[in-house]
Amino acid sequence: MDLGTGPMMAAEYQARRQRLLPPEEPSAPVLLVGTHNAVAARIAEEAGFDGCWVSSLEISATKGIPDRNLLGAKEMIDVAQTIRSATTLPVVVDCDNGYGTDLAAARVARELHLSGVTGMCIEDSAFPKRNSLIKSVDRSLESREAFAGRVARARAATGDDFVIVARTEALIAGLPLDDAIDRAQSYAEAGADIVVVHSNGGEVDDLWEIAKKWTGPARLASIPTAYTDVTLDELGHAGYGMVVYANHLLRGALATMTRLAAQLRRGGQLSALTGLAPIQEVLRLSGEPGVAAA
Amino acid sequence: MDLGTGPMMAAEYQARRQRLLPPEEPSAPVLLVGTHNAVAARIAEEAGFDGCWVSSLEISATKGIPDRNLLGAKEMIDVAQTIRSATTLPVVVDCDNGYGTDLAAARVARELHLSGVTGMCIEDSAFPKRNSLIKSVDRSLESREAFAGRVARARAATGDDFVIVARTEALIAGLPLDDAIDRAQSYAEAGADIVVVHSNGGEVDDLWEIAKKWTGPARLASIPTAYTDVTLDELGHAGYGMVVYANHLLRGALATMTRLAAQLRRGGQLSALTGLAPIQEVLRLSGEPGVAAA
Amino acid sequence: MDLGTGPMMAAEYQARRQRLLPPEEPSAPVLLVGTHNAVAARIAEEAGFDGCWVSSLEISATKGIPDRNLLGAKEMIDVAQTIRSATTLPVVVDCDNGYGTDLAAARVARELHLSGVTGMCIEDSAFPKRNSLIKSVDRSLESREAFAGRVARARAATGDDFVIVARTEALIAGLPLDDAIDRAQSYAEAGADIVVVHSNGGEVDDLWEIAKKWTGPARLASIPTAYTDVTLDELGHAGYGMVVYANHLLRGALATMTRLAAQLRRGGQLSALTGLAPIQEVLRLSGEPGVAAA
Amino acid sequence: MDLGTGPMMAAEYQARRQRLLPPEEPSAPVLLVGTHNAVAARIAEEAGFDGCWVSSLEISATKGIPDRNLLGAKEMIDVAQTIRSATTLPVVVDCDNGYGTDLAAARVARELHLSGVTGMCIEDSAFPKRNSLIKSVDRSLESREAFAGRVARARAATGDDFVIVARTEALIAGLPLDDAIDRAQSYAEAGADIVVVHSNGGEVDDLWEIAKKWTGPARLASIPTAYTDVTLDELGHAGYGMVVYANHLLRGALATMTRLAAQLRRGGQLSALTGLAPIQEVLRLSGEPGVAAA
């Protein structure tokens, strides 16, 4: 098919996609960072990240709601569109369990794809999902077959150029590692480009064990929130082709805002505040024409 | 009219309104802070602020767009609703010039009021507005009469319990102080509860001069971004009944995210990051049931 | 509590509430009609209806998606807000099963209430809900206790002046009438103001049997889509205090648009089209100032 | 650039684009119809139209607001996305004057393009626009140069494959035909693919005169609302390559809803209503899986 004289959108889409999923196995992991709004995405791009991760925990927090399938597909699509317009990076949206049904997962996949968003992540937690970082919660999963079917539905709804990340919460739910790997394998066969065998135990050997056992037809990604002593290089050498730092920018912002709020409330001189970006930097990052870098 | 057995919403609305606009002149200025999302609003509430300011500069930045009347009324209403649900504080929305027409101003006023938002601020800049912190821009204003009419339209659309802040950009546009005061006077007579004679020159005497000359039937508020050596007490003693720190939380968040993004991009150990709120704090601030304070 | 000088919003809220739920048992049923957008709501108000019903089937259709819990809370809130601004009638939103969890139901109740929407309906279908007019589908319900708990959560989130309609799908799911009545009784005791024992069988005796057996502390409503030979008077005499014609305006619009589209496609003279509202009527219904009725 | 194995989105985008703007001059005009929601779009597709027109008058009406630049870019983008997901037809969005500034016009163009929407129309009315069907209103226009600049900005923001329709309101504003043609010529040179020399006088000779004088490098489109005796064939023979029936489906829907609302309010038997689509048809048009045509 002839794309004619001006396939700007198609070219732009493909450039983002190839940064997220390089045709050749990359020498270092593709590195994504959680960006909870457009200005965080611009900061991520300037810092050299390879992509933006739109985290359901982060977006739930910015909306003041618990991370429990309260956030709807439309709200995530809106945030994702705002971010994809603000950056040239690929954008991957954390869509929980695909909003609970195969049809919902297929629909959000198609909406994101039509909207120029590069990819999405879905996980095999049953509706309603619970955040994986909360301890001592009963968790139930969709069956392996059912969730592989959901991945296949999302793939069928989008074609090959939308990037699908499938994540199993099997380890979080207390299943053995082999079951988790089997699930990831099924999801890869059903059409996922990338799989995450998610873990939050903090036992770093889990990460290496997962990578060693992985032989499936999809790249392996890690979201190492709980593994605070592991480096990007180590993850890359172990075999992870993608790494996501999912919530650190927001956590830094919250700590800083908490500190500043306390100081501001005392009503002293504004000149005594430290750690503020200048107004010019706010203007620059918001895209104000003619404002140079601070 | 009998409000019957359960006027929860009405009581809640009035509690917010009275915190924003106490029946008696307050001993210290009512203090608002710019909150660009629900989690910033929760931080503001915990820090003891009297209200949330939804700033068009801040919200423009989070959406990655310049602060030039690109942000629409619907987008601001959405953010304001998210914030009013996340906090018990009054919420005041910075509605630029009311989106350029009297009808638009009246409509957004009514929408905010019906949505349980406590108040809004409109300014007398002509469409399209330019951010007041940008230097060397030609600025034009609505005429005094025209803008007083706009204030009156917004008042008529909402009744007495919606709080209207009218802001004149006269000093920003280079008009003499007396003209600015005259404008504020007209806006107060047209129905504004609070007026702002906005200034960004950094000449602190302007602030005292404005307060000294003000005799109108509305409280006086200051948004002292450019006056970094002035304290809340000084503003209160001069006669300001409300103070707004409009953009400091976001500026702190941006600086912190920029620092963290650079460090994260290097891919070292996450444990080396400093200044992060713990995950439990993110969960708590997002309203996760059963998660205690960090 | 003193509501001060201007409780316009509170008065407006209560006026809508009292039309929806008159303090005295009304002599004729309160009559609601499905309105899928603001202009339908204006038509409903001019025709003399007592309220607007925001139907999940109708709104799903306008968005081109099946009525299967794909429509999110935020999307329904947006439509409900648009309609409550366009009319002085009470607005009741059909919120399916409360979006699948108690927390989601409580949240949407609070959001609607804070937004000046008069009430909502929730039903005891398990997630994902299926439209009650589709035949031959396996249906499962939340348990009676679980759903009564959901009603209680929504009530606790809103206080007494938000109107809660609880609907049992027990008959649709094939349960006996007595079970359906027991469920409705539990939901009324948990805080519903109005209950619907929904039925689509077309056996008109069901309607009379339900009304005869009902003794609970809530008014009884009927959504008689399938009972095309029953009149409003008959429903009122039987004991129904509210009736909802949930989908007829949209069905008329679809039929007319289908007819017109076929004729328009042939490209003949526009003057040959019949059954068009004049442009002046479109302008008038959209609220264009100065345009009188057609 | 190699689009690889799966350029589904790119192919889909181009298929829509080519239907809207066939590489060869079409033998009959490309025919668009105003579709104010997704179900209207499905009806349009089934009737054989070549594309969906998202009219600011129609969408304003569905939101209950006058057609006077109250409707924001974000709200139109939302509707356009809903429609582009519901149909395979090209979608063209009526963006008024581009929301009043060059920057706003460029932004909405890029957002629509990134969202898979095929094109937009902008007109040279000054902010705030007034609906062209309202008589006796003072109208002002952007200057020819200024508006040509706006077209060029939108083009630069999107590349060649986004379709830009530029519309001059010169005749509506009382300017001579030659001025109107000159304006259209400038807009075509600035990058518009299609131009509309809009007219609502009802003098059919205007239509022929415009077409006869048009020699510019863009196709000519007509929105013949006021020319009710003209046929599609006549417009095609005169040289119009595109025709838009912008508001007829909504006008039919309004008339039908008004008639039905009056009858429904009387509370008689539902079986006495005429002109209703069956429930099965609502389900089918909403995309309910497994529901065949009525």
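Letters A, B, C and D mark the chains as written, and numbering starts fresh at 1 in each.
In this text, contacts are C-beta pairs under 8 Å (C-beta built on N, C-alpha and C of every residue); 3 or more make two chains touch, one makes a residue touch a chain.
Going by UniProt, the chains are A, B, C, D = Phosphoenolpyruvate phosphomutase.
It should be emphasised that the depicted structure is a prediction, and the values quoted were computed from it without experimental measurement.
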Where each step is a move between two chains that touch, what is the least number of such steps from subunit A to subunit C? 1
Weigh C-D against B-D on C-beta contact pairs and write down the one with more. C-D
When centres are defined as mean Cα positions, the distance from subunit C to subunit D in whole Å is 32
Just curious, how far off is subunit D from subunit B if you go by their C-alpha centres, in Å? 38
Residues of subunit A that touch at least two other chains are 65-66, 68, 85, 103, 289
Touching subunit B in the complex: which residues of subunit D? 65-66, 68-70, 72-75, 99-101, 103-104, 107, 127-128
Which subunit C residues qualify as touching subunit B in the complex? 1-14, 81, 84-85, 103, 110-111, 113-116, 158-162, 289
Under the definition above, what is the set of subunit D residues touching subunit C in their complex? 28, 31, 33, 36-44, 46-49, 57-58, 60-68, 82-83, 85-86, 131, 133-134, 224-225, 227-233, 243, 245, 247-262, 264-271, 273, 275-279, 281-283, 285-289, 291
